[in-house]
Each structure stands twice: as structure tokens, then as C-alpha cells.
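Both complexes below contain subunit A, partnered by subunit B and then by subunit C.
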Partner chain A sequence: MKTKTSLMIIIGIFLIGSMSLTAQTEISATEIMQKVSDRPDGDEMEGTLTMTLINSRGGERVREIRQYIKDFGTVEKKIMFFLKPADIKNTSFMNWSYDDANKNDDQWIYLPALKKVKRISSDSSGDYFMGSDFTYDDLGDRKVGDDTHTLLRTETIEGLECYVVESVTKDEDYMYSKTITWVVKDRWYGLKKEFYDEDEDFLKSLTLLNVEQINGFWIITGTEMKNEQKDHMTRMEFNGVKVDAGISDSKFSERMMKRGL
Partner chain B sequence: MERFIQKLTQYPKLILLITVLITVAFFQTMKSNARMETNLDEYMPDEHPAFVYSDEAESWFNIKDGIIIAIENPDGIYNTETLQKIKDLTKRLQKFEEIEKVDVTSLYTADNIVGTEDGMDVKAFFKRVPSSEEKLQDLREKVKGNDMVYGKLVSTNETVSVIVARIGDDVFSQEFYQELLDLAHEFGESGKENVYIAGRPIVEGTMAVLGPADMKRMVPIVFLIIIIVLYALLRNFKSTFLILSVVSFSSIWAFGLMAAMGIPIYAVSTMIPVMLIAIGVAYGIHLYSHLHMFQLENPGTDRRTAVENMIKEMWNPVLMAAITTAVGFISLLTSQVYPIKYFGAFSAFGVLVAFALSILVIPAGILLFGLPKVKQKSGGKDQGSKVEDFAHRSADFFIRNKKQTYMATAVVILLSIIGISRVWIDSSFLEKFEKDSDIVLTDKFINQNFGGTSTLNVVLEGDQPDKFKEPDALRALVKMQDDVENSLAIVGGSFSMADFLKRMNKVMNADDEAFNIIPDDQELIAQYLLLYEMSGDPENLWQVVTDDFRKVNLTFQLKSDNSKALNSAIDIVEEYRDDFSALGIEVNYAGSGYKALVFTDLILEGQVSSLLMSLVIVIILLGVIFKNYKLGFIGAIPIVTTTFISFGVMGLLNIPLSSTTALISSIAIGIGIDYAVHFIDRYRIYAVETQDRKLAIRQTMFHSGRAIVFNAIVVIAGFMVLLASVFPPNRILGGLISLNMLTSFIGTLTVMAIALYYSKIFITKGEEK
Partner chain C sequence: MSTPHKKTGILLLLLLLVVVNLPAQGLQFSGYARSYTGILLNDANEFSILQNTFNLNIEDSRGDVAFKVNPYIYHYSNEDLIIGLREAYLDIFFDNMDLRLGKQQVIWGKADGVFITDIIAPKDLSEFLLRDFEEIRMGITAIKANYYIGNSGIELVWAPVFTPTQLAEETSIWGRSPEFESPISGVSPTLIYDYSQKAVPASLENSETFVKFSGVSSFIDYEFMGGYIYDDDPSMHIKVDMSVDSNGVPQPQLTLTPQHHRLSLVGGSTSMDIMGYVVRSEFAYYSGKMFQANETFHVGAMGMTLPSGLEEKDYLHYLVGLDFSLGSTKLSTQFIQQYILDYDESIIQEEYSDMATFLVNRMFMNDLLTLQLFAYYDITNEDALVRPTVTYDLADGFEILAGANMFMPGVNNDYRAYFGYFDDNDMLYLKLKYSF
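Showing the complex of A and B:
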């Protein structure tokens, strides 16, 4: 009886302790995710993307892409020119992504061998981007209000204090049942993220490889996504990144797609 | 050795006690450790180059066997209920632990590549099940317009749609199989739809269930018949009991040892008790037959004298028979196939156990429980002397009709050779089932509506990456693919990387049928492929090409899984080998159907070589045992005739060779040697003693001949029961074993007896009395 009582007291102290910790930080999971979403990263960005696809046997495919992104307020426009491999050089791809959730992305592709710009449309943002392990959705911003967020705990990783936030989707048909994000305190970018599929099975893990401060912004320049179910991995590395260095509005047009770099 | 046996038998209780204890111990091990191996891939030798390649290719392209679930609605599938079922069933299959989500293909998961005015679209056919008539019609048009789906996932008469769930080699279990059947049943129960389930894993699963289940039902009946017939012949309950105990114990010991050594029970292992029953019964019968003779000649003899005489006279031939039989089985160790090696090794072990137990337990039993009663010869004609008379008369008859017997044998052998030339090998699983069984009917139904339930994978491997972006390489692929598909009625469909490219080329050119070809420009091909990766699900692409574009996987759908069908497709592919070689492309094959084909060839190759080897060994052994090489050849007569007739009958009756039917020839060796050894040994004793070959052959015919006939009758009667089996391979097994027993005994008592008689071996005095 006595031991039981003292045990209760200890548990009680712990509970109060952890509650006061939460109270101290005074930040809710939703607020954390809002801060991540709101983290300023400039309106314009250009750079060279090296995308490495690694299959389960360790075979690598490397693509080099010159990429320009510009935020026009209600629409974010992105244009990409393939540099390597040689047989797809000058192939270009343009994507306009709208803030309006009901509006699908507009996508165009220019195949130099066909000398035509073609619109492509695909079903959903759940499609994988260029055969990588990233979906279009993984690359874009997800609205904070689409998920219910819970702060699980805090953890220190590589000397950085992180909030561990679980985000459960409100939409039953969404491809991820939940994600867990390790958000670096005060910097508001994710250090890693785990994705769970519709059946709540562990699907993918995203790891931050490199982050740089450019023009005063924290810019993520290296990430790795591993699909645990397919044992397939994609590494994305940005080089020569310039932020807000000035990109002309007319860069994002079919004419530019044809013209190339 | 004899003195040792005699000494041991002075402790009959101890012998029985130890035997029972060991048997119980083995039985326990067997019960707790034995496991059935139903995964057929476990049978294949991993190191064989064809299997190594196929396994690698399977991992490159994620080649797996497909479980095919067909949903039929006689009114057509384009209605909300049926489509909902397709969606639900797809999702349920994806939830199975044994099935990877991406490995389920149905109208619900398939991508539709379509051309639009200004581009290309890759979309699902439907996500939400369409409910309005307009949307249903729209879906119908979409399916009709896509060659990659129309006729492949939806039948051209629009009443059937299939869901294909591909599974790995290592996940199939009895529970999984049952769950799948239950699932199909559940969806087929309500509504208008009929749900069928087929595909190689299901066929294998059904076979793994049906074969042993049938055996479980039939074996007790076989055993019962053997008991009854044995009892009818021996007229003694104790003798019957002892003989059958020995046979059962030897099987338990063999399986117990297997379990103790951690070796699983394979399908062919179930042949071990079959062999041991057929062979083991013989040892006991020969012992009792001798005892019977001794009691006839020495009325009122006591147990000990009778048993001592039985051991003295019989231990040697029984041991020789056992050793030669065991050597015959051991020759199977040369096989490349592990289950067959194990079959050989443990059958040999079982035979030696059967020998040891026969020579120890039967005497011990007689000493403890008493001699069987024998009706003594009285002045009148009793049964014993009737049998003796008959034996003598038959001996005389065969000797008189030497030429006719030889001629008859020659004719039979000649007919057998004709039969043998017609023997064909079959690796088919489906053809093992009844023509009107559910599984065959379902298969037929799906084959009528779709490309085919069986597949052959042709793997083309280029000498450098990006080989299969080259138009020349792709065109050669298309040419071969079209040739195979168009020339063979049995090939109902095919699928390769070329189909993707042709469709994209067409779609990117305003759906113009003229562009349904491989483009001329390698860069365009590369860009199409990038486009597909960007807009579709590249998983589908990686099933037909590796991501370095060096290797492609061409899948042919066949409407039959038999070896003839596979070989006819392979023959055409082979015609293109040189063309591909000139382009720096190697041709190989993969997939379970192909592996089964190679595997069957391997088994037969092994069977033929081990058969020949054991024949040579047996001839030498017999020659050494009887100190006369001629006797080696004479002793081989029953084996040779039995083997010829066995294969000949298979050819004439169109029974294909398969792993089990090929093994039945082992029984010819086991039984043939036994008969020959006993007969020759007995003849030797009488001939040396009397120096009268006529008398000797007559006596041998009575002494050994009687035992041989008893043995043959008992085993034939027992295995004929299998003819009533519901599983065709078991029927064939029963029939062929009975046939082998029959020809072995006839061969021994006719041709071999005559050859022995005319060889005049053992007759040392110049002329007969």
C-alpha cells in the first residue's frame, strides 16, 4: 500500500512536470506547423537540381535539371530544363500550382524530339514526381488546416531541439494517413519526416541532408526520400542556389520552354 | 553376422521392447518436427544456371506468379454494383499481408494513357465508382479505346473483368490459400456476379492440398486391403500383424530420421512409404514362406529350432535383397534435385530398417507368440501340395516353352520400345486435375475470355545501358513478339515495353493509328519514357524494362501450362536468337512455368542416369554375391523387363513423365532385385544340393515362387485401390505400381527362371541325373 502511494506521487510529479513543460513552451502543434508553413524562403529561387534515383539493387540514375521558381502570389510557377542525361537534354517541364485547392496544377512538357509543347495532366498531386520517391504534394506546401496536429514530444537531434508533431489527415482518401515531422525549434524547418500510407503502414522517410542560409533565408538544399516499402530512394541536391536574384516573369512560358536555356 | 542375429534373437522381449521404444521416439520426432514443403521453388536446385538466371530476372522485373480473380456478370460489367465489387475486391487483396499493394492490378488500379487535343493524360479509369449511366458509358468507351486494358483486364464481350494479384515465391501458405478461396466465395455469394479464382499459385495450392488429402483418404484403405489379402494368404493373424508392423515401423523410422535431421517432407517423399510397403512386405513374406516350408517338412518342430533354421537359411538372401535394393535407391543421390536425393537416401535407409526389423522382430515375435499353425500333409491332396503341384507344373511348362517365352518377351519389349519412343515429358500442373474439376473449368473459362492463365517470360539483355531505347532493338523485339503471338493459337497475348512506346507514340500524335509503331528517333523514345515516368506510375514500366534500359521483359500469356505449349513458343523465340545476337542482345527465359519445364527435364535426366547406374551396380553386385558374372545379367532380367514395360505402357497410354511417374521406375529396381535374389539364391541351394536342375527349378518355383506371388498379389491388391482415387496422379501411381509388381513377378518366374535353368550354373557334375 505504501509503495503504491509513493508510486502515485512520483507519477503525479511527472505529470505536473510535463504539463508545466507544455505550458512553458506555450506553443501548440498547429502553431508549430503554421510556423513551418509560414517560414519565409523568398519569392524567387533558381538553381541546379541533381536528382539521383537509387533502386533496391543500388543502381543509380542521375538527372541534372536547371530549375526556376517564382511565387506570383496566388500561383507558383516553376520551369525546369533537363541538362542530363544527353538523350533528354533540352526537354523542359513547366508547372503552375495554384493556391486555390480546387484548381489542379497546370503542366506542360516540351519534347525536343517531337518539337512540340504538350500539356500533360495527371490525376492528383499524389503522383510521383518524375519517377522519384517524391510526390508533387511532397514538394509543395500542404495546408496546415488539412490535418489535425498533435505534439508528441520534444527531442534533441544533432544538438538541435525538435518538436515531434504528428499530423493526421482529415481527408479519408488522402494518400497519407498521417505524417510525423521533426521540426527544428526556432528555425521552423523539418529535420526529418515519416509518412504512413492509407493503411497506416510506414511508407517513406524524408531526411534533411543539407540546409544553407542564403540571403538570410534557411534554404533546404539537400534531401533524401526513402520509400521503405519499395526499397527505393531519391536524393535531391541543389547547387548554385540564388534566392530573390531576379527572374523575369516571361521566363515561365511555352516559348521559353521551346527556346531552352 | 548369422551368429550375431541368432544370439540377438535369444532376447525376443528385449528386441521387441527396444524396437517399440525407438519407433515411439521416431514417431514423436516426426510428430513434433515434421513439416510439409509445399513451395515448389524449394524443389529446384538453386545453383543450376537456368534457375539462377530466372531468379535474378524475377527480381529485376518483379516477375511473380499471378493469382487471377475473375468477376463475371452475364449482363455486362458496366454497372455500379459490379464495378464496386471490382474496387472492393482490389482493396481487400491489397490488404493481404502476403500481397504487396503495387502487385494488384485491376481496372481500378490500371493507368489509362489517353491523348487529348493538346497533350497526353495518364489517369485512373475510375476512382469513385461511376453511378450515372453517362459516366458508365464513358468508362466503357475509355476501356474499349485502350489496347493495354481491353481484352486484358476486361473481356472483349464485356462480361468479365479480372483482378491479378501477383505474389512472391515465398509467401504461399495453406492458410493464405484458404483465405483467398473464402474471399472469392464471399464476393461471389451476393449479387449477380460470379467470382472465379485461378492462376498458377492457386493450381499449385490446390494440388498441394488435394494430393495429400486424397492420399490420406486412400492410404488407410490401401493398408486395409493389404492386411486382408495378406491375412487371406498367410491364414494367420500374428504373421500378418508382424509383417505389417515391420513395414510401418520402417516408414516411421525413415520419416522420424528425416524430421530429426530437419529435412522437410516433399511431395515425392510421400513415395517413401509406398516403396517401403511394396518392398518391406516381401521380406516378411519370404521369411514366413520359408518357415511354412520348414514346418511342412518337420512336423511338430519347436519354435526355437524353426526360427533358428529360418534365420540360418534366409538371412543371407534377405540381406542381399535389401542391400541391392538400397544401392539402387542410393544411386538417386546423383540427382541434382534435393527432394529426389532425400527420397533415395531415406528409402534406402527405410529398406535397411525393414530388413533389420524383419530379421529380428519377426523371429522375436514367433518366439514369443508361437509358430503359425500349418496344415500337415496327409495322404490326400491338401492345399499345400496343390500349390506345390501347380508350381512344379508351371516350372515344367516354362522350361518346355523356352522359345515361346523368349519370343513373347521379345514382342513385349519391342512394343515397349515403341511406347517409350512416344513418352513425353510434362511439367504441367493443370493437367494433373480431372477435366471436369473446378480448377480446370475456371482456367478454361478465363482462357476463353483473356489471353491466358500461364505465362512465359522472355528476357532480352543488351550489351550496354540504354540498349532498349534504340529503335532497332525495339523493332526486333516487336517483330519477335508479334510472330510468337500471331503464329501460335495457344499464345493469347503478350506484353512488353514496346506496347508502352507504341501507345505513347500514338497518343502523342493525336491518337492516329498510323503512329502505333516504334518511333524512329532514339531521343524521342527517351523523351517518351521520361514523359511516362513524369505522368504515370513508373512501377508499371519497371515490370517490362530495367531502369538502365539494358534489359527488357517480354511476357507471353499462354492458354495452357503444358510443356508442349511452352516449347512451341520457345521454338519460335529461338529463331530470333541470331538476329538479337547481331544487335548485341542475349535471349534468356524466366518465370515459374519455364523453371518447371527445366526442372522436369532435370529430374528425368537424373532418373535416366541413375536408372542406368543402378542397373550396372546391381549387375555387378549380383555377380559378386553369387560369384558368377552371368548371374549378374540373369538377375537383371526382371529389372530390365519391368523398366521397359513400365515406360512403354506410359508411352502407349499417353501418360506423361513427371517427377512422380519417373520415380516409379525405382520400384522396378527395388522389387525386381528382390525377386531375382530370392529366386537365384533358392535355386542355388537346391541345385548345389541335388545337382538336378529340373528338380531345383521346380522346388525353387514352389519355395520362392510362392513367396514372390504372395508378395505381388498383396501389393497389387493394395495399390489397385488407388485407381479409385479422385486425384489423377494418385490413380496413375497406383496403376503403375501394380503394373510394375506384376511384370517383375512374371519376369522373374518366366524369362529369368528359364535363363537360369538353361545357364546350367551351379550344376557341377557333367550331366544331369
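Showing the complex of A and C:
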């Protein structure tokens, strides 16, 4: 896939950036983030996503989604079928994301109670997804050029050598003033990421829990986002992942949104 | 519970027992149980509703066939039970075509809470417009065929039996009866109802047909539709007998005969995202609508005007809507207009009728708490319905909702006022819902 717009590949969460080379390194921060963005992960992917929302008292709520993603060249299409909780079962959501940086995503939602597919505004990147600690933007495809990237240092975490990259937004209205990402050298996925709010206070941290090689691609199948300010956490697991196993083009249609799984 | 209801209830229970005892084989059950209590904000603070609901969806899918049955039960405080099937259909899927046969809700159009091209599923107005959306729309027995060409397609719906709007009983707080003011002081017209023409016999000739071509694309979503239908709302044919009493005072007697008439319509709807704003539109041209009109009667030298006539006119019904966000707050507004073509001054309804809707919605506490305000405002009559709600998720599937329905009076508040007529029905309510 050219882009990494997916809940499954939370790669988008870990990336972003551009910046200058330091004297001690052979690669710039921008190049690091571009490599993360360009990391191959197949043209098609499907699986079941489970999000466990955990509040400050340890109370848990569970959301489960079946999702399919396919790269059609200049557009990546994604369709999600909500399985849990019961009150949103049979709801579906479809997103078309374009390589053209000037073109907004197209999004539709099917609500079984209304029995119709509604186009919804894609201008909601700062909203939290299904009450989790992930915003739509965290799960999406932030362009490398949207931030200024600086390589801070290298660190070794759990035996893996990482580049530590600071990414400062170029957009003053963006919800994060900066992020810091730990990118695993040569594998080009994020191991950890910190988010700072508009006041530059530490907001939340994303930690990689599990990564698997599936069909020759590194696929992140477990992450945890902890919002330090709200003392709330979301654990995300991606199960039954299939890469390039064959998804029909017609899967990404209004017909399938209504029909469901 | 009346005898027919008892029989239906027993049949439903038997059906449930059979279904529950079937081997699993992918059979899926979902639905909800709900307790709903409403209290009027009048001096007596009467309960407007004390209702318990059980709604069950039974679904199965095997390869290219699927079925769904959706029985429901409403239980009221006086032990009345209302039992029914909202949907019961079979799906057959082909490569580029789907067939759905049976009782089904078919919803068209892009409007929210307004019915312009969305005219297939009749409305259940037993609680005015206050029920949840899926409960307002009734299922109809129909055959629906969809043929797909990429992201567009044609939909054909054939309904062999006409189903009218379900109106509230006259004794209900949501009942609405025509009122006739006599121009002669102290004289009230006598009203006699004749329901002999109300039912539309089930026959091939009386069936309804709908067709739609629709599609989604990056630029625009669109629907073009047409229908040869019966008007879901009956026209009131009124026969006036103008006798004179011994003092020479006219004593009008009105015989009211509700009757459904044929309508044909063409229309369409669009929806597109422009710089983060979703712009929606919907329009329809209706041909052959019967509008209530005034008639003048002469008794000797005395003239008397009564709203007893019917004028057949075409009309346009259209809407523009805008959905957008301000931060995490979702907003939506719609402007709706109805325009009667070749207008005659005797028609009681205004030539132009304007209405607007407003929606504000925001979620808090990781979506545990939702605040919402929805309002209809009749611009022409200046009456309104305002519906604030607060919803809190107690746990996954458990929800508590507190809300109010506030009816604002307008210029006129008689039976013709859509919202102001219910000015005495302001209410607070509480719903507890468990979804499974």
C-alpha cells in the first residue's frame, strides 16, 4: 500500500516528519520519516480490530471492528463493520483516502437505525475515534511534509536501535504542538511515540505491544495509547490479519455498507 | 390484550421457541429492551407514556441468501400489548443484483427527519414524531430489486398492498381532529364520519411502484427517483347538508369521508463535501395532490364559508441542508419549502410553506456522555418542536437517556398547526435501554 491509512497499521501514528541531517548521522530525520511512510505493507489487508478502553478506575469497555483496506493506486479505500458493542452493531463506515495532498478524504457512514448511507464530513481529524484515546488523525495518513523533523538522538530499547525524531507541526491550529517518535532502525516502524498538546504539555504516549511478519511484511498488531492528562488508556489489538489475500473491488461500496458482513 | 393480539402473541412466542431451539448455524440475535417514562409538564403532571419495549432481530446468512425477522412488543401501563413484525424478509444475492422479498423498511433520500423523496415506508405517528426513527418508519410488504453498475445502481420497489400513515387515535394526546368553526354564532356544524372509502383494496391495479437510480462518487452522491403511489395521508371529502331550523338559522351537517388518492412524483437528492462542509439537497415534484379548500354556501341571503372543498394541484417540495463541525461539536441545519403550483386562493394551506431544522450534538468523557439538541421550526406559522437530550452510557450496551419535548406555539395553534397544536403536550422523559 502506498499509504498507511489504517487502524491496523498504526504506522501513521508513529510517523511524520522532515528535518536536517546532523553531523553524526548518515540519514536525515525527514528521510527516516519518509522511510516509515514508504514502508511496504502490501496492497490489501483485512482483520478484526479490538479496542479496549480502560478508565482511571480500571473499568473496561470493548469495541470490535472488522475492517478491509485496499490500495487502488491513487486512492486507498477502507471499509469497517462495527461488531461491538451491541448498540452500534451493523453500523459501517467507509473511507476513501487520496494520494493527492490537496484532496480531502471521502467518508460515509451507514446507520442501521436510519437504514441509509450518509456522507459525513472528513473535517473531523481531531475527534476521538469511538471514544478511544486515538483521534482519527492518529489513525490516518499524516503527510511527512506537514511537520518539521529533527533527529534528536539514537537510543537502544529492548535491544532494538532506534532513531528518536521530534516532529513539530507547521500548522498552528493542529492539535499537537509536537510529537517524538522512536523509529526502529532498518525496520522503519515506530516503537514508541509521545504527543504534546497545543500548550506543549505532555498529553499521551503510544507504545508498541506487538509486531508480526505477515506475508513478508512487518505488521503492527498491538498498541497501547495512554492519555496522561485524562488518565485513560486504549489498548488496540489486531487479529486474524491477512495481507494480499484477495479482496474484491466491490467490497468498498454502498451496497456492502448496507449488506454488512 | 385483545383476542387478535393474544393470537399474534402466541404465534410470536411459538416462533421464538422454534427459532431459539434451532441449531446455531450462524443464527444471530440482537435487539434491545427499553423502559420509557414520560410526564407532561401541565398542572396535573400526568404521565404521557409508561411503556416497556422488547425488540428482537433474528438474522441468518448462508452464502448468497439471508433472512431477517424483527418482531417487537410494546407493553403499556394499562397492560395493553402491541405486538407486531417491523420486518420479515428474505434476501437473495447475485453478482450484480440483490432481491429482497417480504416486509421491509425502505428508506430513500438525503434529508434528516423530513420526508420528501422518502415516501416508501409509511409513518407511524401514534406518538407524533417522537419515537425513534426506526420505530416511526413502518415496514411494507414489497419486492425490492437492486442492480449495480460499479458504484451506481438501479432500485425497483413494487408494493402490492398499500399501507397508509398510522395516525394517533383521537383519544390519544397525539390525536388530531379537524375543527370547523361556524361563521354563525352559537351554531356548530354536526360532524359525521364515513370510513367506507378509506381502505384501498389490495389488487394489482392498486399496487405502488417506485424506481431509483443512485450512486456515490468522490465528487457527489446522488439519487433520482420516481413513484406511482397512493397518498399516505387521506384527503377529507366533505359533503355539506345545509338545512335550516324553524327560526331560519342554518344548521350545517358535514359528512367527512377520508379517502386515499393516487399521486405520482419525480425527484432526487444530492450530497457532497465542500471543504469540510457536507451540503445536501433534495427535491420532489408531486402531481395530483388534493388540498383542502374553502367553499361558500348560500342559505337564502346568508353566506357561509366552510373548509369542505378539495382542490387538486401539483406541488414542489425541496430542501437544502448543511452539516459541519465546530471543534468537536457537530451541527446540522436544513431549510425546507413546499410550493403549491397554480395556487388557488381558496386553498387553506399557504402557497409557500417554509420550515427549518437544527441539530447540535457533542460527546464528552470518551463518548460516555452525549448532549444533543434537535429542533423543527415552522417558519410560516412560527411554531416549533425543541428536543434536548442527555445520554449516558452506563456500560457497554446499557444506556440512560433523559430528554424533553417542548412544543412552542405559533401564530395559529389550531389543528392545522403542525407543532403548536400540541402546545399542552410539553413533556420530560427518561429512557433506559439495554442492547444485546
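Here is the rule we use: the second predicted complex is superposed on the first by the 234 of 261 C-alpha atoms of A that agree within 3 Å, B and C clash if a C-alpha of one lies under 4 Å from a C-alpha of the other, contacts with A are read in each partner's own complex, and residues count from 1 in each chain.
The rule is simple: a contact is a pair of C-beta atoms (placed from the backbone, for glycine too) under 8 Å apart; a residue touches a chain by one contact, two chains touch by 3 or more.
Fair warning: this is a prediction, and the values are worked out from it, not measured in the lab.
Once both complexes are superposed on subunit A, the partners subunit B and subunit C clash. By the touch criterion defined above, A:Asp199 reaches subunit B but does not reach subunit C. When the two complexes are overlaid on their common chain A, residue A:Arg153 makes contact with neither subunit B nor subunit C. In the superposition on chain A, A:Arg39 contacts neither subunit B nor subunit C.
By the touch criterion defined above, A:Trp96 reaches subunit C but does not reach subunit B.
Put subunit B and subunit C next to each other and count what each touches on subunit A; the higher total goes to C. Of the two partner chains, neither subunit B nor subunit C is touched by A:Lys170. By the touch criterion defined above, A:Arg259 reaches subunit C but does not reach subunit B.
Looking at the shared chain after the overlay, A:Lys143 reaches neither subunit B nor subunit C.
Within the superposed three-chain model, A:Ile109 lies in touch with subunit B and out of touch with subunit C [touch as defined at top]. By the touch criterion stated above, A:Val62 is placed in contact with subunit C alone, subunit B being left untouched. Of 239-247, 545-553, 599-607 or 707-715, the subunit B stretch that intrudes into subunit C once chain A is superposed is 545-553 (criterion: clashing C-alpha atoms). With the contact threshold set out at the top, residues 53, 55, 61, 85, 87, 108, 112-114, 116, 118-123, 127-128, 130-131, 230 of subunit A are in contact with subunit B in one structure and with subunit C in the other.
Partner subunit A is touched in their complex by these residues of subunit B: 59, 95, 100-102, 116, 118-124, 127, 466, 469, 508, 519, 521-524, 526-528, 530-531, 533-539, 546-548. On the subunit C side of its complex with subunit A, the touching residues are 30, 32, 93, 98, 105-110, 132-134, 137, 146, 148, 151, 153, 216, 218, 221, 271-273, 275-278, 323-325, 327-328, 363, 366-368, 393, 395-397, 399, 433, 435-436. If you check the complex, the residues on subunit A that touch subunit C are 53, 55, 61-62, 75, 84-87, 89-90, 96, 98, 103-104, 106-108, 112-124, 126-128, 130-133, 230, 232, 250, 253-255, 259.
Put simply, subunit A touches subunit B in their complex at residues 53, 55, 57, 59, 61, 82, 85, 87-88, 91, 93, 108-109, 111-114, 116, 118-123, 127-131, 197, 199, 229-230.
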